[in-house]
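Just below is one structure, and these are the notes that go with it.
Order of writing sets the labels: A, B, C, D, E and F. Residues in every chain begin at 1.
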Amino acid sequence: MTLWLPSLITPTPEEGYALAIKLSRMAVKMTQPDDDVRAELRADYAGDADSLTAVSQVVATNFQTVAQANNFWRG
Amino acid sequence: MTLWLPSLITPTPEEGYALAIKLSRMAVKMTQPDDDVRAELRADYAGDADSLTAVSQVVATNFQTVAQANNFWRG
Amino acid sequence: MTLWLPSLITPTPEEGYALAIKLSRMAVKMTQPDDDVRAELRADYAGDADSLTAVSQVVATNFQTVAQANNFWRG
Amino acid sequence: MTLWLPSLITPTPEEGYALAIKLSRMAVKMTQPDDDVRAELRADYAGDADSLTAVSQVVATNFQTVAQANNFWRG
Amino acid sequence: MTLWLPSLITPTPEEGYALAIKLSRMAVKMTQPDDDVRAELRADYAGDADSLTAVSQVVATNFQTVAQANNFWRG
Amino acid sequence: MTLWLPSLITPTPEEGYALAIKLSRMAVKMTQPDDDVRAELRADYAGDADSLTAVSQVVATNFQTVAQANNFWRG
């Protein structure tokens, strides 16, 4: 497998947030590796409010990890 | 994309809470970029108690991150 | 908007818990600002065990934040 | 209201766990203050596997807070 | 009640994980103390994917607490 | 039982993520030890968007633990 997560360190909070989204999707991809199936599923959950909130919860958890890794970009 | 998250640091807890809400919504926006679809969905979940609780859970997680970033505005 | 969150610091754990409840409700209020709608919804979820557990989960997350902010009132 | 949470500090992990359960129930009690309604609801969720798992999730979150407060009773 | 949680400290990560499972089940046991009812419920949730994922979420939260208590068994 | 979790320390973030997935699955395996049943269940949840999001939430929680254990691979 190609290296997809070389580091948790990002230059800015915004790139950290993008990484949190990537981390959130990777667990889905590793559980359902078929691209076509995932594309179909996306059409479903992208139109469902509760599904979107659940996605946002996962991103929030991963963003907390990334933000801690970066000392919250305080410097 | 316009810079939407320049920093996790906010002057006050209340502005930190507002940022937590912004972080919570951004994951939804990135998953469902269509403004009209999101507006429709909002009408649904804003009238459903469990959906609102789920939204509040995401905000709580993001607020924890923002509060840590700001050393809980202790100073 | 009136200042509703001047600080995360509270004199006692019990007041910290009350603040955690306030934080949990505020996200709901900001998502559904109509007082009458929220009053109706409350009647629903206050009579549903799983809804109440979900509310308690949000409070637990916010209480963790408030407790950390107060160094767990150890002093 | 009577003082119900004088401290997060407990002599032992087991008492800390009991406090986590108390914290979990208090949010429910404050949202649904009617003792009879809560007793009825308890009969429901105590017989439902997913409801019990959700309760256990809330306790886990509160126990994390209490354990942190007590420095994990390491001493 | 017999002492069931003398310490959060374990010699190895694997024993820490076992403790996390014990912590997860104890909240269920304290809410539903009837052994026969719990045995029946187990048959249900052990055959349901989402129920198993929810169980795994509780274990993850408790494992985080136990791992922190043990300084992640870094030494 | 064979030793399956000798350490939380991994050389890279990517191996840490793989460990987080392993931790997430182990709780399922310990609750439902029958390999055939788990294989059937997997077919179900791998085709359901919300189930996959829930799996990703568990992984996010475990990844946070593993990342903390490794000081976020900052060095």
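The working rule: a residue touches a chain if its C-beta (ideal position, glycine included) is under 8 Å from a C-beta of that chain, and two chains touch if they have at least 3 such contacts.
Computed from a prediction, not measured in an experiment: that's the story for all the values here.
A.B. asks: In contact with chain B and with chain E at once: which chains are those? Just list them.
C.D. replies: For chain B paired with chain E, there are no chains in contact with each.
A.B. asks: From chain D, count the fewest steps through touching chains until chain F is reached.
C.D. replies: The distance in steps between these two chains is 2.
A.B. asks: Going by the stated contact rule, which chains contact chain C and chain F alike?
C.D. replies: none
A.B. asks: Could you classify the chain E-chain F contact as same or different, where same means more than half of all interface residue numbers appear on both copies?
C.D. replies: Result for this pair: different.
A.B. asks: Just give me the whole-number Å value for how far the CA centre of chain C lies from that of chain E.
C.D. replies: Centres of chain C and chain E (C-alpha means) sit 27 Å apart.
A.B. asks: Compute the distance, rounded to whole Å, between the mean C-alpha positions of chain D and chain E.
C.D. replies: The mean C-alpha positions of chain D and chain E differ by 15 Å.
A.B. asks: Where in chain F do residues touch two or more of the other chains?
C.D. replies: 45, 50, 54-55, 57, 61, 64, 68 - these are the residues of chain F that touch more than one other chain.
A.B. asks: Can you tell me, using the touch rule above, whether these chains form a line, ring, star, complete graph or other shape?
C.D. replies: Topology of touching chains reads as a ring, each chain with two neighbours.
A.B. asks: Enumerate the contact residues on chain A facing chain F in the complex.
C.D. replies: Within the complex, chain A contacts chain F at residues 3-9, 23-28, 30-32, 37, 41-42, 44-45, 50-51, 54-55, 57-58, 61-62, 64-65, 68-69.
A.B. asks: For chain E, which residues are in contact with chain F within the complex?
C.D. replies: Answer in residue numbers: 12-14, 17, 21, 45-50, 52-57, 59-61, 63-64, 67-68, 72-74.
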